[in-house]
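Two complexes come next, and they have one chain in common, subunit A, joined by subunit B in the first and subunit C in the second.
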Partner chain A sequence: MDADVIKQKPNKIKKRTYFTYAISSAKDFTCVLPALVLLAIFTYYPIVEVIRISFTDWNLINDSYKYVGFKNWEWLFAGSGTKYLLNSLKITALYSLGEIAITLGGGLLFALLFNQITKTFSVLRAVVFMPRYVAMSSAAVVFLWILNTDNGILNYFLGTLGLGKVDWLGNKSTALISVLILTGWRAIGYGMMIYLSAMLSIPKDYYEAAALDGANSFKRFWKITIPMLSPTTLFLLVTTFISSMKVFQSVDILTDGGPYRSTEVIVFMIYKYAMQDFRMDRASVVAVFFFIILLIVTALTMKVSKKSVNYDS
Partner chain B sequence: MSTMNNLDYRSNNAAIAKKKIAKVLQYVVAIIITIIVAFPIYWMLISSVKSQDEILLSIPTLWPREWHFENYVNVFAKANFGKYYINTIIMTAGILISEILTGILGAYGFSIGKFKGQNVLFLIVLGALMIPIQVTFIPIYIMFAKWGLTNTFLGLILPNTVSPYYIFMLRQTFLSVDNSYIEAARVDGMGRLGVIFKILVPMCKSTIVTITLVTFTTGWNSYFWPKIIAKDQPRVLTVGLAHLKNTFAGQATMNNHEIMAGAVMAVLPVIILFFIFQKYMLTGYSKAAMK
Partner chain C sequence: MKKRLLSVILVLTVCITMLAGCGKKETEETNNKAETKSETNQETKEPVDASKYEVKEPITIKWWHALEEQYSHVVEKVVNDFNSSQDLITVEAEYIGSYSDVNEALVAAHAAGTGLPGVVVANTPYVAEYGASGLTEDLTPYIEAAGMDMNDFGLGLVNATSYEGKQVSVPFLISTQVMYYNVDMAKELGVTIPAKIDDMDEFLKSVSKFNADGTTDVYGTIIPGWDQWYFETFYLNKGVNIINEDGISTDLDSETAVEVANMIKGWCDNGYAYWATGQDASSIMRQNFIDKKAFSVLHTSSLYNTYVDKCDFEVGMAWYPGDKTNNSEVGGCVLLVPSKNDQDVKNASFKFLEYLVSEEVNMTWATDTGYMPTRKSVLETEEAQKFLAEKPAFQAIFDNLDLINPRIQHKAWSQLAEIWKSYMAETIIEKMDVKEQMGNMAEEINEVLEDQ
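And now, the complex of A and B:
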């Protein structure tokens, strides 16, 4: 009898532990299930769908649709859509470059300027950061008012300097700059804060050692600060680049993509085909192409991030 | 020793003076830049209390002659801002509740929990970060039109029910919690939900507050999807504000004082939150920078 129990025991325990493990892991899985199901329905299924729609002639005016093969892709790359795509790509690239320059370049300059540990400076920093908390929709209507041709304060200030009125938003050459002024206004304080917090974490003895070796302040900045900030620069570059490619709201409120498509960034192009022309097929093909670009950019930045540029051991 | 000090003193004097000038210059430039950056906010506030006549003056006044706080009332009366507010609150609340729940549960499942295929499924969650709504909105819109969800709160909320960012950030924090706390709670007979909501959540409070604030502001300020799915009804503040500009389009300059009042009202909740949770907001940004 005793021997039997002893004989059975390990088996039973094994069974029970396996059983409890299965239940426990099923319960753990249940925890992630809601997130997975929702992502499957509202993210992964739609990305498959948008690819499928790009091979149809679906518009919302007709109820039925049929598959048309690569017709939409032809329209985009070798048809009447090509010039609009190239235009959008150019404008998105210009916009991205502008936002990156302001966030990184401007942010770093601001970080150097506001890098003082006094009460006054901490107040100034808080104020410079404030625009980040003004929602884009509010900020956009404020700039709409500031940039107004006849009654806007900017043109008034320019007038007092003896300059003529500028039709900031109605002019092909200034519309994109106006959008960048708005985004830059909200981004520069953010770049400054990120750089400042990274600067604070650079050990002081690096600078002291360099000073003892006779390096002047410019050399110390170039040889210590810049390299030590490289992970932060990379982080800002990647996040700003990817978010700037998705720009829509500022363009939509300020210029509506115009004048003459001069601010029609790629997301605005997708939006216009889908929600104004109801050409779901054309909108989808641009959306899929945009998605491919996003994937390539993400893959490239991940590759660069892996070979991180940090000199700190 | 003393002679050396004296010599040093002389050359130091010039250096100190030079440093002082540099410092004053730094102050002056910093203050000028701060004024320029702050000006649009100031101009929004000031314009929002001016009268219609004053806003149209050819020489703008930097300080209002009369204070017209009734502009704020007008925005509510004329432009239905009260309704936009309620709509935005309902939408943001729905997004917050679902993202917090799926976020906390998902973070637990992917950190403390153990099950087969965990890593692959986690990668699938992270992969969703690379698929923005700007790419997927077309099928979602068609799907929701079929389901009768256009112009509904459910339509506004559903695509924003899971935040991979939330799961990712919280998972990192849960992983840093000492396992012995969880073991001890389990020995005491605590179930999964007990461990999550009585041990992990209180221990990771500051992270949860930070990422919840980020979630709140993204939800409150969202524009792209609300504009597509609920252009007319239920209109949220961001879309309503942009629409205000369109309704007055022909006479845009005439109503700018009221539009500015609307702009102030739309950002006020976020600004108030910023002041209450300032500590968390800034750590949130630096935390994001560290990763």
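And now, the complex of A and C:
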């Protein structure tokens, strides 16, 4: 009898463990279920829908549509869409590089400049960071006037320096730069704040030891600050890259993708096909292609970062 | 003077009646067919049951419009007058933005099936696209039930607002392209606006002024590159088919089209003309004219009041120079009722729409904005005489009313227009080869036209 009890015990414990585990898992699952449902409705379902629409001829203005196979994909890769896709990819890449350079480079520069805890520097930091809180739409409308060829304040200052007027938004070579000026004005303070907080967390001992070893300030910056900031740099690189890929509002208000598509970033291209031409079919095919590209680039970034980012502190 | 005015009004009345004749022969034939069809339908059709279109319960509807700030007092007055004229319908007017903003908002609401306005304005070229897709309610039975006389608008305007014989919209604020010019400068220089496109070169050269360094001080004219409506007339009058009869190809790469594009580019290259493009192009253009930095501008007749109010010189209004034809195209907007609304909303909306285009309100729009009166009966009133006396520059339009054509109607028109504007701007600003550019553009347009 006793022996039987002894024999049965582990099984009972085992059964109870499985049961407890199942209950516990079910509880956990119930907790995340609302989030999963929302994620499925607002993220995964739209992705599936966009893929499906890319195989139809749906015009937003019509209620009905039919499946057309790979016709839209053919338009994108072997029709008139190719030219515009390549153009938009090039512009998006240039814009992205610009925004990354401004946010990371400019942010680091300002962080080094304002890396002192004094009242004056606090005020200066606030001034640089403040544009981040100005709504992009409002900022873009203000910049529309700043960059105005005839009455803009920027051209007025150029004029006082004896320089000629620049058609900032109407010229192919300056339109994208103008959009980047607005982006930089808003993003540089954010880069500065992130770098500043990371800089303040670097132990002072490293710098003191390096100074004792005779390292000059540049060497200390290059050998200590930069490597110690690498996780922050990666964070900024990934977040800035993603936000730069999604740029739309500034382009919409400042240039409307023009002049002649010279600022037509890929999200604006998608918007144009969907909301101006009402070609949901073409907009969807571009969106799916863009989604694939972003997926690949993000995966590559994460892979590269594992090798070259220093997480020691 | 009174006799002269009366004669002008009579001519005007006759001209509006003849608006249908301004289109191409095939348009006329289509109209006749549509009319015959409509007559046949009427013969066999049961009379409309007017009770189906009555408003029985109090209701609030929205009116989406594109009338900017300077017209807000007129909008407010008209809406208030309507709201106080009856007890059942309350109208809330909402300014949405430009015509393209209204278009985007309307199509998005139609696709979603919610948030639709009761009544909405639409730029004239959208009628075919909306009619073909079923976005608009067929207003024919409402018009019949209300006993509204569509013949009072003139056949040209009725055609411009119908799709396949169905009255899918109603003419509202109508304008056309004109050339505004500085009369004082013209007197000083002793010049008149040429009647022929081929004389434009010499004319623009004579009115343009240059600085010592060769840059332009005063432009001969400014061409609105942000909307092809302003320059497509040059092509049409030279005989270019923007959309061929087959409906799936363009003639914009033809020898004549290339010649017109080269001519316009030449004006800009020589500094005689400024190609206005970009987000603030319209305000830049207006400001240049007001500041006497441009002898003339090509713009819509609806902005006459704005120019007169802002300029400290006499503003003249001239008809565009012509060639094989001397036509212009109807601009402005129509009114429509989205088809996905509930029947109660549609009924109330039509009542408001009927009020907006009624005789008494028609003259208010014409007097307080720069738009033209659209009803023939209105032109016979005392107010119409006063209108002509107050705005004598409108004589240029009234003299040519029979030359105002309906817009080109095609489902892919807005896509075509976008491509055309973009290529023209690039060719002119980047000084590219016109023939090559027009060839590439035509290829792209053909692809869009075919894929509908």
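Worth a mention:
Criterion: the second predicted complex is superposed on the first by the 270 of 313 C-alpha atoms of A that agree within 3 Å, B and C clash if a C-alpha of one lies under 4 Å from a C-alpha of the other, contacts with A are read in each partner's own complex, and residues count from 1 in each chain.
Assume a contact is a pair of C-beta atoms (placed from the backbone, for glycine too) under 8 Å apart; a residue touches a chain by one contact, two chains touch by 3 or more.
Keep in mind that what you see is a predicted model, and the values were worked out from it rather than measured.
With both structures placed on the common chain, the touch criterion links A:F110 to subunit B but leaves subunit C unconnected.
Judged by the touch definition given at the top, the superposed model places A:N148 against both subunit B and subunit C.
Of the two partner chains, subunit B is the only one that A:K27 touches; subunit C does not reach it.
Taking subunit A as the reference, the larger set of touched residues comes from B, when subunit B and subunit C are compared.
Contacts of A:E208 after superposition on the shared chain: neither subunit B nor subunit C is touched.
In the superposed pair of complexes, A:I253 makes contact with subunit B and with subunit C alike. Of the two partner chains placed around the shared chain by superposition, subunit B is the only one that A:P46 touches, whereas subunit C remains out of contact.
Of the two partner chains placed by the overlay, subunit B and subunit C both lie in contact with A:M275. The intersection of subunit A residues touching subunit B with those touching subunit C, taken from the two complexes, comprises 60, 144, 148, 150-151, 253, 275. Across the complex, subunit A meets subunit C through its residues 59-63, 75, 79-80, 144, 148-151, 169-172, 253-256, 258-261, 272, 275-279. On the side of subunit B, the complex with subunit A involves touching residues 26-27, 29-31, 33-34, 37-38, 40-41, 43-44, 47, 55-56, 58-60, 101-103, 105-106, 108-110, 112-116, 121, 124-125, 128, 130-132, 134-143, 158-159, 161-162, 164, 167, 192, 217, 220-221, 223-224, 227-228, 237-239, 241-242, 244-245, 252-253, 256, 259-260, 262-264, 266-267, 270-271, 274, 282, 285-286, 289, 291.
Those residues of subunit A lying in contact with subunit B across their complex are 24-32, 34-36, 38-39, 42-47, 49-50, 53, 60, 110, 113-114, 116, 120-121, 124, 127-128, 130-131, 133-146, 148, 150-151, 153, 156, 185, 188-190, 193-194, 197-198, 232, 235-236, 246, 248-249, 252-253, 267, 270-271, 274-275, 280, 283-284, 287-288, 290-291, 294-295, 298.
Listed in rising order, the residues of subunit C touching subunit A in the complex are 100, 104, 107-108, 110-111, 129-130, 133-135, 277-281, 284, 287-288, 414-415, 418, 422-423, 425-426, 429-430, 443-444, 447, 451.
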